Structure formats: structure tokens, C-alpha cells
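Next come two complexes, and both contain subunit A; in the first it sits with subunit B, in the second with subunit C.
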Partner chain A sequence: MKRGTMRTERTDTRGVTINLLAEICETDVSTIEGAQRLREDLGMDSLQSLELLSCVSEALKIDLDIEEAMGIRTVDDACEFVLSQYQDQRGHGRS
Partner chain B sequence: MRALVVGGTGFIGVNLVDALLAEGAHVRVTRRKRSATILLQKRPIEWAEASLEEPEKLERAMAGCDVVFLAGAYYPRYSLDLGASLAEGVRGVRNACAAAAASGVRRLVYTSTIATLAGAPPGRPADERDVPGARPEGSVYRAVKWSMEREVDAARQRGLDAVTLLPGGCIGPWDVRLGTGAIVVGVVRGMLPWWVEGTVNLVDVGDVARAHVAAATRGRADRYCLTGHDVRVGWLLRHLVARYGGAVPERELSPDEARAQAERDERDAAPRRQRVPIPRELVDMATHGQPVSSARARADLGFAPAPLDASLDRAHAWFVKHAYLPRPNHEARNDENRTD
Partner chain C sequence: MAAPDLTAEQAEPEVVDLLLPEVARFMARDVDGAAIDREGLIPPAVREAAGRLGLFGMTIPGAYGGAGLSLGAASRVVAEMARVDRSVAIMVGLHCGLGTRGLVELGNPALKSRWLPRLASGATIASFAATEANAGSDLMAIRTTGRATEHGLRIEGEKSYVTNGGFAGLFTVLARTPGLGGARAHSLVCIPADTPGIVLGREEDKLGIRGSSTVTVTFDGAVVPLDHVLGTPGKGLEHAYEILTWGRTLMSAGCVGTARGALDAARAHVAARRQFGRAVGEFGATRAHVAWMAARTHAMQAMVSSVAELHAAGSSIEIESAMAKVFCSDGAFEVCDRSLQLHGALGFLEETGVARMLRDCRITRIFEGANDVLLVRVGAGVLGGKGTFDVRCVPELSDVAERLEGAERTLRHEARAMAERLGVEAIRHQVALQRLARALIALRAAAAVLERASGESLPTARYTAELLLEEARSWLDRLWWADRDEAAAREMTDRMAAP
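And then the complex of A and B:
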């Protein structure tokens, strides 16, 4: 895969994830940072985390595994998890 | 059976969907824009866009269904605003009942709680007969749930076939938001700051879900209590520690102190919509708790609650699997030694 394509995918899945995160937390998207913790910093409970992943799953048309998702702690964790699942299921990012 | 489940992504709801699918039912589940649909992924269900605030969409969602399960009615997150909670709770139930009547479903099964029961007369456990004549005072949770039940009663008076189910504190898989399971997680993690003595009734959510299906098909009465095991809070805390580890909190509060502390915690947490260690609703459940009989459900619905420890083990295993609790040391060691 070309490097530029990878960057675009990363940006797209990250953008989708963060936009939905901001919507669920009812906060401005510009205030969200990668290192923020979903629970402690953004005040999300476990159900809201699953609501986020449900919305991401529907927006990107991928299945997300609940058991793996429950271990997500930060915004960056969530974005990386979504990207890896997207690449696995959409057949991209393989060498 | 063609069933609509309102609240199918909630704790009882997910278990109910599984119980319905196990019985071969065609299952439709309402969803809102941001429902946690991931909880039901890979299950052969149909989604219908509707919420309790949208009567027309609810009626469309019920079209063609035999039974509607109202398992996701309003649940006050904080016990701070009685008026707003009452309005929202009653409005949602009223909308659901009106939609059920208009759509011509055969039966509505409504999930309430044993917290709506009045105190039993001396000499017997509480049961379906013990309905307070007036809205309970001193507890937002009990007041709201009592008022919602009366809304179902009113719809029944107008001709709706409705069965009200009153489960105890449910424990088991899919307790994502930590209802009664918060006690298990809090004790094992050693994170409960205090406790209050009282009586709680624990019941396996799987048994409650199967009783919902039975109520839809062969319930003969208006109301059924779905209760399992009456235990004292202090005993339960010590039992959990003995079984899974953790710690019993050192501070035991009186009921008045516990109510005041829970209310302070909720006022602090509400602006940021955060959870509190022990919600006021749980304090109310324990301090108003009493032994409750499920004899009617056992006779009519074949309700047979699992042994307490089996239910606790199922809940504990789910919390471990989904990272609410650390894996017990022996399991972690086994994994480290695996070569596959």
C-alpha cells in the first residue's frame, strides 16, 4: 500500500472516531486530545463507550469486537483500535 | 411469536433478546440514533428506529408484532429532580401503552421493579398484592417507578392486555452500565467507600429474561414478582470477598447518613454526568428492602431462580471477561503458560 493511502485511511477513521466521540460527549471536537482518557477525562461511562463503537461500526461498516473494545482507555487507543479493525476487515494495510 | 423489544440494548433487554431467539421468536428491537447496537451484533434481529419520545415511530415499530416488551423504560440516573424524572418516566410509558393499544398487539409486557412494592403485613413476605396506595415519598427512584406502573394500570383499565413484571436486583452477563453488579465490581476492586445495611434481593438476569418470554405466552395474572435470593447487605459483602477477593468497606453508614452521602455524591457528579460509587437509588433499594415471594411466578411461569452462587459466578465471569475486573491470579498464570 502506498504511504499516502495509509495516511488518508488513518486520518479518515480517526476523524470519524473523534467526531462521533465529540457528539456523544456533547463537547467541541477541537477540545479532544489523543491522550485523554475516555472515563476520567471525558466522563464517558461503559455504555457510552459502546455507543461510540456502535456508531463507528455503522459509519465505517465494520464489526467491532466488544471484548477487545472494553479494554480501550484513551482517545488514541480508540482510534488505533478502529483503524486496525478497519484495515483487517476492509483488506487494506497488508504487506 | 413476533416480538418488539423496547430497550433491547439494555441489561435485561440483551438477555431478553437472547431468550426470545432461543424460543425461535422473530425479534425486532427499537433503537435510537446512538443506541449501543454493538451489543446485539451478529444476532438475527431486525432494528426499528423509535424511542419512547416518538409515539408514531413506536406504533410503526409495533406493527405486525404479537407482543411488545417494554424493558427499557426510563431509569432515573440521579435522584435529584423528582418532577423532571416523573414527567419523563410517565410520558414514556404512556406513549408505549398508547402505541401498543393503537397497533393492536396482543400483549404488552412491562418491566418494573420490586422497589414499587409496599411493606408486607407482618407474618408473610411481600408479593404482588402489596401495592402502595399513594406514591412513595422520600425516594425519587421508588416514586418514579411506582408512577410508571400506575400508567400501565391505567392502560390496562382501558383494555390493554398488559403484564407487569417486578424483578429483584438482576445480576449476570451484559450489565454494561453496572446496575446491581456494581456491588460485585466495587467489592472485588475494593472501591466501595462505605456501605449501608439492608435487604437486597438478587436474581439471575437469565431467569428474569426467560420469565419475560413465559409471561408473554402464558402469564395469567396482571403482575408477577421475579425474585431470587433475599440477603442482608453485610452478609453479601463478606460473601463476595470470601468468594472473589476484595474488601468490605470499613465505614458502615446509618440509612440517614447513607441517603445524605449518596445525594451529595450525585450533586457533585451530575454536572459532569459521572457515576457515583453508590447511587441513592441503590441505598433506597437496600433500606426499603424486604423479603419478596415469587410463588405466583413459580406456579404460572415455571420461574425457577438459579442458586445464588451460580448467578454470582456468571456475573463475575462476565465482568472478568470484559475487563471490569482483573483476571484471578490462577487464570492469568494459566494463560502465561499457554504455548498456543
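And then the complex of A and C:
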């Protein structure tokens, strides 16, 4: 994968994740920071975190493993998890 | 507690053993449940008597004039009160749980010194305000906001269904506090009721717990010093979830008490009532009802004890307190319903008191986390491997324990299969999640029963655990049809014309 493509994918999946997160938290995208913890800082319980990832999975048309999803703690964790799954699944020709 | 004096020499269970008869005497002597229900008011004299007995201080540390009882000990006291009257039990339980827990655990020393002694004596009653008109189970949706100003934190917003609100002297309020710990931050704030800018709505006219005070509280620019924020500013939701585990456990204990009251009433009635030449209680169908009610009450008690022991051991009780809340609130309602049924037409009349118990416990399936939502949450936890438990029991019950472990393995297998098949999409399959949760709760309750069984309680424990195992298997069977049921429901409701 070319460097430029990787950066674009990173931006796209991160953008989708953070936009959906802002929507669920009913807040402005600009207030979301990578280091924020979903539970402690954003007040999301486990169900809401899974709801977020379910929305991401739908939007990006990828499968996300629930057990791994439950281990996510921060906004950056969520974005990295989504990106890695996206690249894995797209890299293997899945859509 | 104030009256029996907790001393270092006495172990807590012994103190509670001494206290419970006093609580029973207080409830019998000072509390007229029917009058409280009829008039929709707990008389101030009842509050004062409860205060003299030390009930409001039972979970407040001794350094501040309370008895510093554990969650388990306080649960036994709340259950004893609820056996007689749920309005009074909820007034005290809310004060000891959601009302004061935040201050006890998270308040700064000055705030604790100022408020806890009077909260312990009952001179001030505590309340908790989180729910809003558009924010029930979804606490993230709250709109009440606290903004830091040069004078302190200025609160604007309206809280609904505030228990104890009509006579509370101190509110613990969950508010958005942008600027305190981040733009998205929420904080828990202690707000004295005499703060200018607080307006109380009228008392709500309710189906049950009619004596319990339930009002809307409007904060119209109420200002409190910044040191009234409890715990870490900005961590309010996290703190609220933690406090809710206490509240739910005490509320579950209240359900145990209500169930005991309904069971006692049913037993007395079926022993006295004669039909077809025999006491109604001698018929097999009646015995089956009574045995079921006794078994369910026994399991509810075991579940509450189990949660309290986990808490005492320092473990998180987030998922366990939710499971207990669902199990106990549903259980109490069904025990009351069966008790009413056994009373025949007489049960439908208010004079037996069973109708009141049924009305009183209906709300427990809704507040402090609606059961429907908690079930989805517990079900999601099962998918993530949460809610595991050990099965320990005496050798006489090892056959039941083995079957229980087998059922748990099946449950985990089904959960793994669902997670693998659906990934995070599983979160949208709410009916399946609820059935998984129901199965887990039944198994968890059975395990709690087996763990506590010994001597004379062995036959009751065996019967109770067998019933719960059957329930769990039935929910696992119905798991097969969950997606079909949810799809059919979607189709049907989509076709329905707008009301």
C-alpha cells in the first residue's frame, strides 16, 4: 500500500469514527481528543462504546470483533482498532 | 446505628441482629403503611422516629455520627423496613444509597464535616437528581448545566422524578460542567436545598410508593462554591455509575423485603381461608404457588448477599448489581402478583395490603436503570465474557452444581457463537441479548443459592436452584428464536399505522 493511500485511509476511518462519536455524545467534533477515555472522560458506558463501533462497522462496511472492541479505552484506541480492521479486511479483498 | 451503638467489640452481623428487632418494632409502632399510601405522605413524625433510631446514619462513617454499616448490613435493614412499608424503605434507602454515597466516598473533608453529621442524624435528608425529562436510562443526554463563574458554579436545568425531593436538605446533582475537566464533562455537585434559585414542583401523583416524595426540581441559576463538586471534576458520569451500584443493591434489598411481606400475607391467608371443606393452603396448586414464592424470595436474598459480599471483597459490582436489580424487582412483582392471586377477590381490595405491595414494587422495574435496558447491557457483557462466576457448594448439592456448570458452558458457547457471527453488530440484536442476560441471571442466582446452602436450608436450596436452572434453560431455548422474534416485531410495528 502506498504511503499516501495509507494516510488517506487513516484520515477517513478516523474521521468516520470521530464524527460518529461526536454524534453519539451530542457534542462538537472539535471537542473530541485522541487521548480522551471513552468511559471516564466521555461518560460512555460499555453499551454505548459498542454502539459506536457498531455504527462505524455499518458506515465502513467492515466486521469488528466484539471482544476486542470491549478492550478499547480511548478515542485513539478506537480509531486505531477501526483502521487496522479496515486495512485487514480491505487488504484481503473483503468489503 | 444510634440506638444499639456499634462498638469495636461487636461484629457487624451481631449488631444487625440486635438492630433488626428494633427496626421491626419501629415499623410496627410508628408506620401506618395504609395511611401513608392513602394520604400520599410520610408524616414528619415517622421521619423523626427513623432519625432517632439512627436509620439515616446507618451507612455514614462513625467519625461523622453514623454507624458505618456495610452495604450488606444496610441491605438487611432496608429489607426489614420494606417488608412493612416500601415508601419509608425507599426514603431511607435512597438517603443511604444514592443520596449520601457520593458525599461519603467523594466529598472533600470540609463538605463532609459540614453535612454528614446532620445527614446521619436525619436532621437533613438527602436526595439524588440525575434523571431529566429527556434523559432517563441515557444519562449522557442530560441538559442541566453548571458553569463556573466568579461566584461559583451556576446551575441551570430541571431534574425529574427526584425521590425525597420535597423534603430533602441536600441534593447530589449530575450536571454537565463544560470547562471542568473538558468540554464534554459532567460532574456530580452537592447543592443545599436552601440555595437561592431552586424551585420545587408539586408532588407527583403516583401508582405506588405514594408516600415517597417525588418532585421536579428546577435549578434556575443556583450558585454553589466550586468545592461542592464531588470527586474529580468532569468525572461525574463515572462517579454516578459507581454510586448507582450501591443504590441498585439497596433497592434490590427492598424488593426482598416486599417479597417477604407478600409471602407472609399469602401464607397467613391460605392457612385461614377454607374452601371445599379444606384450608386453601392444603391444595397442591396453592402449595406450588407458595413454594415458588418462597423459593424466589430465597434466591433474591442470596443474590443481594452475593453482591454485598463481592463489594466487601473490593470487587466491582457493576454488572452483578444490575443483575440483582433486574432479578429482585421482577421477582418481587411476581411474588406480589401471586400473593394477590392467592388472596382471591379479597386481594384486589386495598384492605389486605397486598394490592399496595403490588403497586409499590412496580416502579422498581423502572427506576435506577430500567430492566429492559439493564438486560441489554448485561447481555452485551456476556458477549464480552463478563459476568463469570464460580459454583461452590456442599457435596450434597454437587449434582445440581454440575448441571449448573453445564448450563453455563452452553450459555458461554452460545454467546461466543453470536459474537463470532455478528461482531459488534450483535449489539443491535437486543432481544437475543436480553435472553442471554435472563439466562445468565437465573444461573447466577442459582449459584448464589447453592453457595449459601447448608443444613436445614438444603431442600429449599435444591428446589430453588432446580427452578432457576429450568428458567435458564428455557431462556437459552428461546435464544434460538430471538432473531426471528425481533425481525417479526420489526415487520409488525413498521406496518402499524401511526397512533
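Following the convention adopted for this analysis, the second predicted complex is superposed on the first by the 91 of 95 C-alpha atoms of A that agree within 3 Å, B and C clash if a C-alpha of one lies under 4 Å from a C-alpha of the other, contacts with A are read in each partner's own complex, and residues count from 1 in each chain.
The rule is simple: a residue touches a chain if its C-beta (ideal position, glycine included) is under 8 Å from a C-beta of that chain, and two chains touch if they have at least 3 such contacts.
None of these values were measured; they are calculated from a predicted model.
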Record, for the superposition on subunit A, whether partners subunit B and subunit C clash or fit.
-> clash
Have a look at where A:Gln89 lands relative to subunit B and subunit C in the superposition and call it first, second, both or neither.
-> neither
Which partner does A:Glu51 contact after superposing on A: first (subunit B), second (subunit C), both, neither?
-> both
Looking at the overlay, what does A:Gln36 touch: subunit B (first), subunit C (second), both, or neither?
-> second
Which partner does A:Ile66 reach: the first (subunit B), the second (subunit C), both, or neither?
-> both
Of subunit B and subunit C, which one touches more of subunit A's residues?
-> C
So, A:Thr27: does it touch subunit B (first), subunit C (second), both, or neither?
-> second
Where subunit C runs into subunit B (options 217-225, 271-279 or 307-315) = 307-315
The intersection of the subunit A residues contacting subunit B with those contacting subunit C is 24, 43, 45-47, 50-51, 53-54, 57-58, 63-64, 66-67, 69-70
Quick one: in the complex, what on subunit C touches subunit A?
-> 139-141, 181-186, 234-238, 241, 376-377, 380-381, 383-385, 419, 422-428
The subunit A residues in contact with subunit C across the complex are 24-28, 31-32, 36, 39-48, 50-51, 53-54, 57-58, 63-67, 69-70
Complex contact set, residues of subunit B against subunit A = 34-39, 41-42, 176-178, 272-275, 321-324
For the subunit A and subunit B complex, residues of the former touching the latter | 23-24, 43, 45-47, 50-51, 53-55, 57-58, 63-64, 66-67, 69-71
